[in-house]
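First comes the structure, then the notes that go with it.
The chains carry the letters A, B and C, assigned in the order they are written, with residues numbered from 1 in each.
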Amino acid sequence: MTSATLHDIEAQQGAIADYNFAYLDEQTKRMIRRAILKGIAIPGYQVPFASREMPMPYGWGTGGVQVTASIIGPDDTLKVIDQGADDTTNAVSIRAFFARMAKVRTTTHTAEATVIQTRHRIPEEPLHEGQVIVFQVPIPEPLRFLEPRETETRKMHAVEDYGLMHVKLYEDIAQKGHIATNYAYPVKVKGRYIMDPSPTPKFDNPKMHRSEALQLYGAGREMRIYAIPPYTDVVSLDFEDYPFEIQHFEEPCALCGGTDVFLDEVILDDQGGRMFVCSDSDYCEDRRAHGHRGSLSPDILDGASADGDKEGTEA
Amino acid sequence: MPDTISSIVKTTPVLMTDVAKNFVMHLRGSVTIPVVSGVNFALRAGECAVLGGPSGVGKSSILKMIYGNYSADCGQIMVAYRDTMIDIAKAEPRTVLAIRRETVGYVSQFLRAMPRVPALDVAAEALVGQGEGLAEARLKAGEMLARLNLPETLWQLPPATFSGGEQQRVNIARGFLTDHPVLLLDEPTASLDAANRAVVIDLIREKKKKGVAMLGIFHDEDVREQIADAIIDVAHFAERAKRKGQSQGAMVGRPLELT
Amino acid sequence: MNKAHTSDHLPKSSLVPPRPMDLSEKPLLQVRSVSKYYGRRVGCEDISFDLWPGEVLAIVGESGSGKTTLLDCISTRMTPTSGMVNYRMRDGTMREVFRLGEAEKRFLMRTDWGFVHQNPADGLRMTVSAGANVGERLMAIGKRHYGDIRETAADWLEQVEIARDRIDDQPRAFSGGMRQRLQIARNLVTGPRLVFMDEPTGGLDVSVQARLLDLLRGLVAELGLAAIVVTHDLAVARLLSHRMVVMKEGRVIETGLTDRVLDDPQAPYTQLLISSILQV
């Protein structure tokens, strides 16, 4: 083995080593599926599970990968996104992992996917019935930073002792004049459990409410799985006089002219030049393929008018 | 029967029967110091009875037993409360408090006041305790302090730093403002000048007219003569206590509980 | 003539009409044979008493006498080895507190009960603002209007003599006396009927202590609170309480009306305790 690489072994055996379908053994998958089923049965409740070592470091989505591995079948089509993009390192490597370990079809198109594993975003295109979205979760406990004792937070969930959660929001308003939590904005699921939606922008919170898709959450390091079944009420916490609001962007996407989407800021040069583009790369590409243009599209720079302009051309 | 009780309540609001009091000094080898024994007397509405006898004979102890401040070792201390008589010697703490609030007022020899509370409020406190509004109670307290010649500049100061006479006047105002049917007076004139003593005598006379039963300790002969309707000789009770104590001498070393 | 001396410019006074007293009232709390053993060591043993609405009971004794153990047992912060504690709920029913579910117990503790710790840091969230500290109990019982919560919190700060404009400061920036007053406001905001206090004036300067006692006395009378106050300071017991329990080595040595126990102590230990007070 000293000088043999995996490639050599594969070459010798004519195949990769005898890994089970989707990497995890069937007993582990059953254990995880049980946790998932329990999570679905108790929406928003954090189910402990025996998280396995995965061939990637914690923080790279080991929880999400284990959930995906436990639910994916040969007929599924997988999409993996990281911060909304299909082409970032994390997304690319997880997609490659399943392409190799489960031999499943992969896609970047939201509508084509049956399973979507995500880090930090929910696609802009509404999910539909039959789809499953798997979230990678770093810290599943929404009360963690208010009450560090897990023994206490579990009790607080059990008895719905959630006053503390609003203390956080109160402090935001008292200090900043508005609720300043922009990511991992806490939600109440089906009127019962308070849940951390993973570090998605609060912009995506409304998409969770009564979503047609099944939402699964996996936290590998913390060994927790939780779920929101389709068509479940998901309410973002707020005050009557400071209602929940999502982020608003002043300008449309510089590439596709899309509005009402979540935008990333891209630095263009050292002189402070920057642009705002869709965080959801598939959505942006799809719009451009349909002829939408933003202010910094190459052809606009050549003189055509963008979507955001008054005489915008509609494809 | 109810008629009898309600008439007793009105005419004789305090009735002491066979009351005895000893102090057991546990820090001095549990020595028993007899105070009084066989105390029998009644207080009548509209009269002021004065406890007589030399210092240390147990006059204050009798007042304090009626107020529920000292326990009694045996006997009954019946005190009027609403339309019944209650034995304060055996009453629950909360009953004692209710009696103090409604029936038995007390002008103590020394003022024990809350830190930080101004003299005016100290004087008004018992009145507020009887349900008087704060503003009205303060107004009345002010009038009373003025009548007792306490300089207005002192009203807003806590009485802890006052002279003995000033403190006593705050105390008198506090005790005489309320309309308790029973008023216990523990040397209210002790540190007062002649003018203020006269005010106190007037106050006692007014209380009599209102039908209040009073029991007091007055060392000042002059005051005593002016207000006393009856003198109760406490030395007599103390003598009995000592004789009883001597008969207990045969039981030296036995715990008090056995007697 | 003495208009200027009446309510207008006076500091908040402890002078408030007391709660009407009704001797036929039923007890609010019944403690029955409560014992707590730490292994073979006695924490407290066979303690029984009743507490009525609006009544303040002081538990006094030296360090290690079991008074704090008793307080913790009654307030369900600790489970006694044996014994029973019954509490009259707002609907009038008597419930055994150790048989309440965790959710019921927590609800009781954040609405109808309060607990004032000796060290304010134990009863406050030191890293959130004064306003949030007071508002937390309101939010816990479902209040969801920021403006209302803030207004109520500000009113309470004023009641405990903390300036309204300190509402966004953290208790870390407060003096010991202010912290203690903030803790009291935090406990009283939901209008509890029973408050437990563990050495509420311990560790405070004498002048600060006097102010706090005056404030507590006024609030207790004004709100008709029942309270159980643990203290080793007999002067605190005299000023605050109606009734007193003297403890030693886990047992009740003497009990009775506060001024009766202090002025005419019966038990040898009580006499020793009272004779040991330093006179000023």
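Going forward, contacts are C-beta pairs under 8 Å (C-beta built on N, C-alpha and C of every residue); 3 or more make two chains touch, one makes a residue touch a chain.
Everything numeric in this text was worked out from a predicted model, so none of it was measured.
Chain-to-chain contact here is organised linearly: an open path runs through the chains from one end to the other.
By number of C-beta pairs in contact, the leading pair of chains is B-C. Centre to centre, using the average C-alpha position, chain A and chain B are separated by 79 Å.
Each chain gets one centre point, the mean of its Cα atoms, and the points for chain A and chain C are 49 Å apart. In terms of their C-alpha centroids, the spacing between chain B and chain C amounts to 31 Å. Across the interface of their complex, chain B is touched by residues 1-2, 5-7, 10, 13-18, 20-21, 23, 52, 55, 210-211, 213-214, 217, 238-239, 242-243, 256-260, 263-264, 266-268, 271-272, 275 of chain C.
Within the complex, the chain A residues that touch chain C are 155, 158-164, 166-167, 170-171, 173-175, 238-242. Contacts from chain C toward chain A in the complex involve residues 101-103, 106, 110, 125, 128-129, 131-132, 135-141, 144-147, 149-150, 167-168. Contact residues of chain B toward chain C in the complex are 24-27, 30, 64, 68-71, 93-98, 101, 112, 114-118, 120-121, 124-125, 128-129, 131-135, 137-139, 142, 152, 155-156.
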